[in-house]
Structures are given as C-alpha cells and as structure tokens.
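Each of the next two complexes has chain A plus one other chain: chain B in the first, chain C in the second.
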Partner chain A sequence: MNALRMVFSKPWIWAFIAAGGVFFVTVMFTGGASTIGLGQAALTFASFSVIVGLGQMFVITLGPGNVDLSIPATMTLAATLALKVMESQNGMIFVGLLVALGVGLGVGIANYALIKALRIPPIIATLSSSFIIQSTAIWSNRGLRIRPPQWMADLTTQSLFGVPNVALIALGITLVIFVLLEKSLYGRWVSAIGQNMRAARMAGVPVDGVRFATYVLCAVLASLAGFLLASFSGGAALNMGTEYLLTSIAVVVIGGTAVAGGFANVPGIWGASLFLFLVVSMLNTYGASAGVRMLLTGVIIIGVIIAASRRRVA
Partner chain B sequence: MISGDETAVIAVDGAEKSFGAVRALDGVSFSVRPHECVGLVGHNGAGKSTLVNLITGGLAPDSGSVLVSGMAEGEKFSIAGARAHGVRCVFQELSLCPNLTVEENTRITHPALKGLGWRRRARALIAGKLDAIFPGHGIDCTRMIGDLSIAERQMVEIATAFSESDTRVRLVILDEPTSSLDAGLAAQLLGYVRKFVSEGGAVVIISHILGEILSTADRVVVMKDGRVVSERRAAEFTVETLVGAMGSVVRARDARAPSAAAGEIVLTRKAPAGSGGIDFVARRGELVGLAGLGGHGQTRMLVGLFNAGGGDWVSPKDPRIAFVAGDRHVDGNLPLWSILRNMTISLLPDLTRRGLVDTRAEAEIAARWRERIEVRTKDMANPILSLSGGNQQKVLFARALATRAPVVLMDDPMRGVDIGTKQEVYAMLREEAAKGRTFVWYSTEMDEICQCDRVYVFREGRIVAELAGAEVSEERILSASFAEAAA
Partner chain C sequence: MKKAIVLGALALALTSTTAYADTSDKRIALSNNYAGNSWRQAMLTSWETVTGPAVEQGIVAAADAFTTAENQATEQAAQIQNMILQGYDAIVVNAASPTALNGAIKEACDAGITVVSFDGIVTEPCAWRIAVDFQGMGRKEVEFLAEKLPEGGRLLEIRGLAGVSVDDEIHAGIEAAMAENSQFEIVGSVNGDWAQDVAQRAVAGILPSLPEDIVGVVTQGGDGYGAAQAFLAAGRPLPIIIMGNREDELTFWKQQKDESGYETYSVSIAPGVSTLAFWVAQQILDGVEVPKDLVVPLVEVTQDNLEEMLEQTAAGSVTNVEYSLEDAQAVIADAS
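Moving on, here comes the complex of A and B:
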C-alpha cells in the first residue's frame, strides 16, 4: 500500500497513466489487432519528442521566462545542411552528424549571445533567432529534396528485438540526461538557478556559464532530433519542425516539470511524449475530423495537466 | 492575571495549537488593554508568531478562545474580522507587494480608498503617517516598493499598520519592527509607540532587542516552549533577568585586544575618486564591521565586493568569497529544496568527482554542520521553508562557513535570530577569524558591530570614518553616522 502511494506521489505517473489509458482505448477499437504496430509507431514518434523535450526541460527549469522557441527552426536547418553535406552517401554520415551538431552548437551560442549581450528576454531572443535560422534553411534548401544515406534510413526505420532503433537512441540520451539532472553538479546548478537566480549567484553558482551551457544543450539536442527525423522520413522538409514547438513545451509540462522552474523530471517526458502521439492516433482511429481532433487534443492535455498539478499540491 | 479583564482589546484564553507533532502553543492566556504596550519575548520557536497569528485571525486555536472587544457573540474570528475590529499587524516577513508603489500598497489595506482620486488620498494618508512616525523619512510615495531599501520598506509597512481610513486602529502588533531599522529610526518608532499608547491605543511589541522592550513596554510577557513562563511589569525586569526568564544566560562581551599584528590584505575597494570617502581594506583574520544608518550603501558595497570576485561563467577552483544573505527570501533561500541541499550548494564543486556530486560526502558534511549550528529539524531532507526564520538563517550561515572561501561577506544576517543563537554565531565567527578567515559584516545592531575588530561607518553611500579596537563604540559610530546631519 505504501509502495503504491509512493508511486502515485511521483509527478511523472500521470503522464504514463494517461498514455496507458489512451493506448488501451485505441487498441480496444481494433480488437487488439494493432497492439504491436501501434506500440512501435508510438515509440518511434515519441522518440523525437523526447529528444527535443529533454532539452526544453532544462531550459524551462532555468526559471520563469526561459524557453527555447528556436527548436523547430534548428531541427530544420540541422537536417537540411546535414543532408546536403552527406549527398546520400553512406561514407559521409559521420560528417553529416557533425554538421548537424555544429548547427546546434552555433544556434545555442547565438541564442545566449542575444539573451546576454543584448539583454533580450529568452522568449523574444529565441523567437527572433528562429526566423533567421529558418530563413537560412530556406535559402540553403531551395526546394531540393535530398534523400538520406541508405544506412541512416535503415538505422532509423528498423527495429532491434521489436524495439525501434530511434527509441533505443532516445533511451540512451534519456539515461545520460537523467544522470546529468539528478547526479551532476550541473543539474544541481540548473535547479538552483530556476528557484532563485539571485540567491544562486550569491551562493557561488556560475549563473552565466550554466545558462549558456543549457541553451547550447537544448539546441544541440534539437539538431540531433532534426537529423534523425530527416533520416527517418526520407528527407528534410521546411516545415518538419513546426509541430515540435508546442510538443517540446507540452511534454515538459505534462511530464511533471515545474513550469515556473527549479524542478525537472526526466521519466515524465517519455510518458508525455507517448501520450501526445497516442491521443492523436486514438482520435484518428475513431475517425474524428481534423477540427474535432485538435479540439479534443487540447481538452485532454489540459485535463492531464490539471490532474498532475493537483496531485503535486496535495 | 489580567486575562479576565472586561476592557481588554484582545483576550486569548487557554489557547492550544499544534502543527502535526509540534505543539506550538500549550495553553496560553494573553490579553492587552487600551493604554498599554505589551512586550512579548522568547526564543525562536517559543510560539510568539503562532500567538500573533491567533490574534490577527490567521489561525484558529485547536482549543481555547480568542476574543476581541466589540465582537458579536458567536461571530467567527478571521483576518477580515480582526481588521474590522481595529487589530493590525506588522509582520516580520515583510508583506508589501514589491511591484506596486507605496500608495498602491496603501490602497490594498484600505479598501475604503476608492473612486476617482484614490491615489492622491492614499498618498496623503500614508505620507501623513510616515511623517508622524518617521519625521524626515524622505520616502517618495509614488516609488515602487521593490526599489526601496529594506529599511524603507519596513517603515512603509509600519506606517501602513498605523494608518486609519474607515476603522479606528486599536491594537497594533509589531513583530521585530526595528530589525532593519537603524538606531535613529528605531528611536522614532518607539517614541511614536509611546504616543499612540498614551492616546488610548494598544501595542504588542515583539523584539530580540531587549533594551527596546524594557524601555517601551509597560508589561513584559515571556514565552518558552509554547507557554507563558513569566509576566511582569517591565520595570521589574532587567536585561539579565529577562534573558534568564527566557532560559539563556548573557555572556559578558569578551574584551578583545585589537589585532595589532595585522595580516596581509585580502580585499580592497577604492572609494570613487572625488567622493571624499575612505578606501576599504580587509586583512586576513579580521572581523570588519560596516556600520552607519541602514541603507547608506553597505549592502551595495558587499554585493560589489562579491561580484568583483568573478565566477559568473566558470566556478573558480578555489572559492575566494562566500556571502551570507540578510534578505533571505531574495538573496538566500532556494525555496523548493531541502535543508540539506540549501546548506551544501556553495561547496558542491569540492564534492564533485568527474562532474557527479558525491552525495554521501555531502550528507556527512551537512550532518556535521547541522550539529555544529544546531539546526532544529528532525530530518535534513525536510524543505528549507519548514524551518523557522532563525533556523533558515543558520542554514545560510553554514552554507558560507562550510566553504573554503577565505573571505565571508555578511549582509545583516542576524535579523530575527534569537539571542542564544547569536552568541553561538559570534563565538563561531571569532573562532574562524582566529584560523585566518576574514569577515566583512554589515549589521544594523550595535552589539554586533561592537564585536568587530575594525569598523567602517557609512554615510550617503561612502565610508566616512574608520574605527579600530577600543575606538569601536556606540557613541563614536552614531556621531560618525550623523555628523553632517547634525552640523
């Protein structure tokens, strides 16, 4: 009984309960026939949300006003440039990955430079930088659709023992991030800054260094997600990142991370990412129209957030 | 006992209140009559704040009763009810909205100020009261609270409590009202309290400065462990007997020779050219005091010294400066965290191997400091905000002292700390200074300044006097603080 209560007091549990419930309802509709297929699809698509969500989680944990709105543009630019460099050749995969990560590094540095040097609030800084990044992507893409190298396409679309490879990659990243958040000095510092930036500074936390590293980390994870997504979907598209703007924030909030900063939660990101994908596929399965789908998605997200926040107050 | 008196403004009878396993009040009877100022003293955690919360309607007693004169039979006592019957309170934790101006804050406590021109009327109300209590205060009532110094905020808070619009103020509770005020402002306030009482008002004053209580109050109530342990006319107490009643012993101030063998210089700050101020210098092993009236540039100097130490981008390998916050909600507490994590944040770099924090070593160090400074908690994993204010402050002390930093800056850190704890901290500072640590200590309390080896007196943002050793005395400091104003 006590163990059960402990599990229920975890902030991430609601995201998983919601995801499980939606999964069950969807599978019921098809009489259980789609269990494996739906599970694999959910894991695959959730993986991309998880990777960007983990970066956004750190940024949001920095405290009120901190959010990275340049994630979609960063994904697009990283994917576009990487595919261009690789020119569908397997031998260039490593170079392509470096280019993608380099884009993330550059975007992160630029974002924090705007925030720090020009004293622009992070929301405005990352939004305006995302216009520049997106324009660069448009300019370099020029309507070309380059196919990813075959090895990358195989890697991202195939499974190992029934588990999609991208889910394994995302799981590996999650473990690293979990250790970073819960065990490392950097994780402590991020959490301290999010609770009270001034107090953290006076306690000796290198506030600028930590915030800078966080914006870079977020952008690098976004660029990696873009690279994998383009490989998975057979090429980069200019709108490929669009849906991840809201998704990256929603998975953080639903996952149990404090919107006001100072407290982050890694497992919840997985629950929330699975949940968001499954809600859409459930509504699709039941044949809901696009309008109804959007409406219900919104209502369901609000419901989960309310349920989760009420638990935390109690 | 006076508690049965018919005319009491407020009468608490046999009140009991528990928070979980903690018995905050254990059968307290307490009353205040018009024309009376009652001093309420006791250690941190003696139950004073809980009693105040009963009187202001913020809490209901588990058993016993709270009666305000003029209250109808069976009327439910609440915060609004207490206010309607003229009970006001100045809280120790300042309660003004920092994003609003002084006049807007006045409007919040005075719903009667409505309709066109409320700003003007609010300003007149609050400015009039400020003038009455603190003549020559110099506070512009159109400024935001957040832009005021902590002393000015406290002045506004006090003036707000005494100001009247629709209801008459009959009882004002002052919880540590002078903790951020310098001697001059404190004297003005206490003078006003006597005037208010002589005109028929009632005041409850809570303070750790016992001289204040004895000089201002008619009657003193001593609390300990949730009970009233002593209640007498103020004239029958001396500081020694009062401290004895609270259960701790006044230790004689250690007579100290000025540290003649001055160590190497560890910290300097030049006075701005042309300001006519004195340069600041701190040597190894010194206790340097920053004195003067509150808000005359001492905190700005400390923050300047801290920021000059660097560490914005990369945590230095050997920490140079640690800081003990005074305004703990703004500069100190990390409110979501446990006591343990709040205590260890500054020394984490020393406990980190390959980027990961050694939590076992962390817990060991925290346990050691918990014992050394006697943090009152069952479990260091409890949230920091579960501690009383004085204990939170102890944790912030431990945070700074546990580091290897050779210089510790202290921004009036003893606000709301009881006298027993203060003595312990003084002893600890001496001990650390003897080991070669340097302390720069801003304090609004003369006792603390007199603990220092050398004192810089501030006036209008610069250092105007330097006193060392035997020169450090209340008279010298006051005369330096006021020199020009008097001339």
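Moving on, here comes the complex of A and C:
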C-alpha cells in the first residue's frame, strides 16, 4: 500500500498512465492485433522527442525565462551539414557525427554568448539565433535531400530483439542524463539555480558555468536528434525540425518537470513522448478530422498536466 | 482638322502601347512569403536562372527576388508597400494568404503597378492569377487508381497541412472523384504536412490499426516516400502510393519498378512556375492582352516517362520545368 502511494506521488506517473490508456484504446480498435506494431512505432518516434526533450528539460529547469527555441533550426542545420559531409558514404559516418555534434556545440556557445554577453533574455536570444541557424542551413544546401549512408539508414530503421535501435540509443542517452541529473554535482547545481539563482550564487554555485554547459548540452542533444532523424527518414529537409519546437516543451511539461524550473524529471519525458505520439495515432485510428484531432489533443494535454500538478500539491 | 490630329495622335499612342511597348526599362520584383522547403528553394533558383539572362539581354531592367522571414501576411503586405515606394513596374507575388494581402495589392494596382500572383494566389480583382488546379490533381490521383485497380479496394489518404486552402482543395478533388468511384473506400486519413518525416510518423502510427488489404495511398506531394518507408518498416506489402515528383520518391519508384515492376503515378506542379509568372508579367508590361485567370500546367510522371523525368530532376530536388517566353504565350493563348 505504501509502495503504491509512493508510485502515485511521482509526477511522472501521470504521463505513463495517459500513454498506457491511449495505447489501450488504440489497440482495442483492432481487438489487440495492432499491439506489437503500434508499440514499435511509438517507441521509434518517441525516441526523437525524448532526445530533444531531455535537453529542453535541463534548460527549463534553470528557472523562469529559460527555454531554447533554436532546437528546430539546430536539428536542421546539424542534419543538413552532416549529410552533406557524409555524401552517403559509410566511411564518413564518424566524420558526419562529429560535424553534427560540432554544430550543436557551436550553437550552444553562440546562444549563451548572446544571453550572457549581450544580456538578451533567452527566449529572444535563442529565437533570433534560430533565424541565423536556419538561414545557414538553407544557404549550405538549398534544401536538397542527400541520402544518409546505408549503414546509418539501417542502424536507425532496424530493431534488436523487436526493440527499435533508435529507442535503444535514446534509452542509453536517458540513462546518462538520469545519472547526470540525480547523482552528479552538475545536476544538483542546475536544480539549485532553478530554485533560486541568487541563493545558488551565494552558496558558491558557478552559475554562469552551469548555465553555459546546459545550453550547450541542449543544443548538442538537438543536433544528435537531427542527425538520427535525418538518417531515419532518408535525408534532411529544411522543415524537419518544425514539429519539435512545441514537442520539446510539451514533453517536458507533461512529463512532470516544473515549468517554473528547479525540479526536473527524466522518466516523465518518456511517458510524455510516447503519449504525444499515441494520442495522434489514436485519433487518426478512430478517424477524427484534423480540427477535432487538434482540439482533443489540446484538451487531453491540459487534463494530464492538471492531474500531474494536483498530485504534486497534495 | 484639329480633331483629326488629336485622333491620329491618340491612335498612334494606342498602337504603340499595345504592340510596340518596350519592356527594357521595366523593373519586376518577386514577393515571396516562404523559402523553408526544397520546393520553394527550387522556385527561387529557377527565378534566378531565367530572369538573370533576361536582364542581361535587356528584356527587362531588373528582376529582383525578395522573401519574407516569417511567412506572415502582415510582413508580406509591408514588403509589397516597400516595392511600391521603390517604383517597380510589376510585382510577381506568391502570397501568404489569398485575402490578407488584398489591401496592399490594391495600393500597388492604384499606383499603376502590374501585379501577378501565382501558386499562392490573391483574390483582389485587379491582380492576375496563375492558379494551380489542385482539385484536378486530387481527381487525377483517384482516376489513375480506378484505371489500375478496376475492382477497387481500401485506400489511405495522406493530407497536407491542416487549415491551409491547398489541403482542402486537393482533398475536395479526391472526395469528388471518390463519389464517382464507389469501388474505393478511404479507411484512414492522416496529416503528413507535405513532409516525408511527418508523413512517415503519421502513417506508422495508424498503420497497425488498418486492415492488411490497403491497395492504394492518395497523397498531396512530398509525402510519398515517407509513406512507403512506413509500409516497409511495418513489413506490409507496398500499395500503389501516388507520388509528388520529389527526387527521392521517383528514385524509390524506379528501384521498385526495376525490382518488382512496381507501378504508380506522380503529379505536382513545377517550382519553375515562378518563371511562368515572370514572363506573364513581362507580357502584360509589353501591352499584351492577358486574361486575369490562367492555369498552371501540371507536371505528370508516368510509368513510361519515369526514367526521362528522373534524369531531369536534380538530386534531392523536385522535377522542375523552367518556362520560356513561348510557354507563357501558349498559356495565355489557351486562356484567351
């Protein structure tokens, strides 16, 4: 009984309950025949949201006003440049990965430079930098789709024992992030800054260094997600990141991370990512029109957030 | 006597404006609302390729392209007002909204500027419209399926970006044709937003819940390859997926054709339609009588011309046609 109460007091449980419920309703449509197929699809597509969501989670945890709006542009630029460098050759995969991560590193540094040196609020700084990043992506390849190297395409589209490889990659990253947040000094510092930046500074937390590292981490994860997504879907497109702006913020909020900062939640990101994919699949399966679908998606998301936040107060 | 001179001068003036007007001192501007996908990039590249030599040869004095950053109608209206102030003789516009720019377009017309809208057309009556027959595109897709699959079957529909008029138009065409072909039934509908990765995700999400015997997928362009990937990933037989002239779609089709004789059909409009609009604007400035409503020719890829069209399509791009002055004259003649 006590254990049960403990589980229900976790803010992430509601995202998983919602995802489970939506999954159940969706497979009921076919009397359970679609369970494996839908499960695999959900794991695959949730993975990309998870990777960008984890980065956004750290940024949001830094406290009010912290958000990275350059995630879509970073994904696009990293994927575009990496695929251009690789020219579909297997031998160049490592170089391509380095290019992608390098883009993330550069974007993160540039973002924090705008925030710190020019004292621009993060929301404006990352929004304006995203214009520059997106324009660079357009300029660098004019939107031409280059095929990913065959090995990368195989890696991202195949499964191991029925579990999609991209889900395994996302799981690995999640574990690293989880340890970073829960066990490392850096994770504690991020939470401390989010709870009270002045107090954290007085207590000797290197506030600037931690914030800098967080923006870099977020951009690097975005670039990795872009690299994997482009490999998975057969090439980079100029609008490939668009969906992930709202998604990255939504999975953080639905997953039980405090919007006001200070409290991050890693497992919730998975629940929320699965939920966001499944809710669209469910409404598609039952033939809801686009208008009804958006309306219901909004209502369900609000419902989950209310459920999750009520529990936290109680 | 005096009257005769006036009349004579008037007649001379009329003939000179209708037949002998020179456009070598005329300046044309392109007002474009969006550049964030490969289709629009190809559109801008085509504009440069065709208008560059036209300016060099002295056919027109300038043909400058401008793109707004945010895909907002208000921003584009301000851009058009700037063009009026800069004294362009004609504005070629791909509009963010069919109605929201009407005020700015009217101002341009009142300032004596020729306005030609294409692809994203405007409803303001003083402007010319080079429209795409999107309903016809939808109808052609179903008609192709009806011809290939006379016994009919179940279809999946991939729609575009919800709330955009183009999506409604293509869908209306598909629905109209479905009404005449009752042997087909649409069992699922998803929004692919004209992007391969979005279409792939949406189809992968609905596919496990759909019956095994999907015979065809009707699409809107830019989503066929993503849909095919989702079918393959789910280990399902490949239905006839209508393609939208993207290079990755045509390459995929070619591979499947060589391996298993896969047959389908692909239709879209060429991004080079911007060059058609350019020549139409030039013709209007030249004094040619041009009807206000023109129709863009569709570019179709079939089993027979697949290899040829694929060769013309740049890697990673869309099958393109750049229009010449003669093409524009033919389109104008068709509409008159």
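Annotations for the structure displayed:
Assume the second predicted complex is superposed on the first by the 314 of 314 C-alpha atoms of A that agree within 3 Å, B and C clash if a C-alpha of one lies under 4 Å from a C-alpha of the other, contacts with A are read in each partner's own complex, and residues count from 1 in each chain.
Convention: a contact is a pair of C-beta atoms (placed from the backbone, for glycine too) under 8 Å apart; a residue touches a chain by one contact, two chains touch by 3 or more.
On a predicted model such as this, the values are computed, not experimentally measured, just so you know.
Bringing the complexes onto one copy of chain A puts chain B beside chain C with no clash. Using the contact criterion defined above for the overlaid structures, shared-chain residue A:R188 touches chain B, although it does not reach chain C. Rounded to the nearest 10, the angle at the Cα centre of chain A between chain B and chain C in the chain-A superposition is 130°.
In the superposition on chain A, the chain among chain B and chain C reaching more residues of chain A is C. In the superposed pair of complexes, A:A199 makes contact with chain B only, with no contact to chain C.
In the superposition on chain A, A:L98 makes contact with neither chain B nor chain C. When the shared chain is aligned, no partner comes close enough to touch A:L175: not chain B, not chain C.
When the two structures are aligned on the shared chain, A:M240 is found in touch with chain C, with no touch to chain B. By the touch criterion stated above, A:S34 is placed in contact with chain C alone, chain B being left untouched.
Of the two partner chains placed by the overlay, only chain C lies in contact with A:T44; chain B stays clear of it. The gap separating chain B from chain C in the superposed three-chain model is 35 Å, by closest C-alpha atoms. In the superposition on chain A, no residue of chain A contacts both chain B and chain C. Chain B meets chain A in the complex at residues 306, 311-315, 319, 322-323, 325, 330-337, 341, 345-346, 348-349, 352, 355-357, 359, 399, 403.
Every residue of chain C that touches chain A in the complex is listed here, in rising order: 35-38, 40-42, 45, 69, 159, 162-163, 188-191, 195-198, 200-202, 204-209, 225-226, 229, 233-234, 246-248, 314-317.
Residues 179, 183-186, 188-189, 191-192, 195-196, 198-209, 212, 258, 262-263 of chain A touch chain B in their complex. Interface residues of chain A facing chain C in the complex, by the touch rule stated above, are 26-27, 29-30, 33-38, 41-42, 44-45, 131, 134, 138, 141-147, 157, 229, 232-235, 237-240, 243, 277-278, 280-281, 284-285, 287, 289-291, 294.
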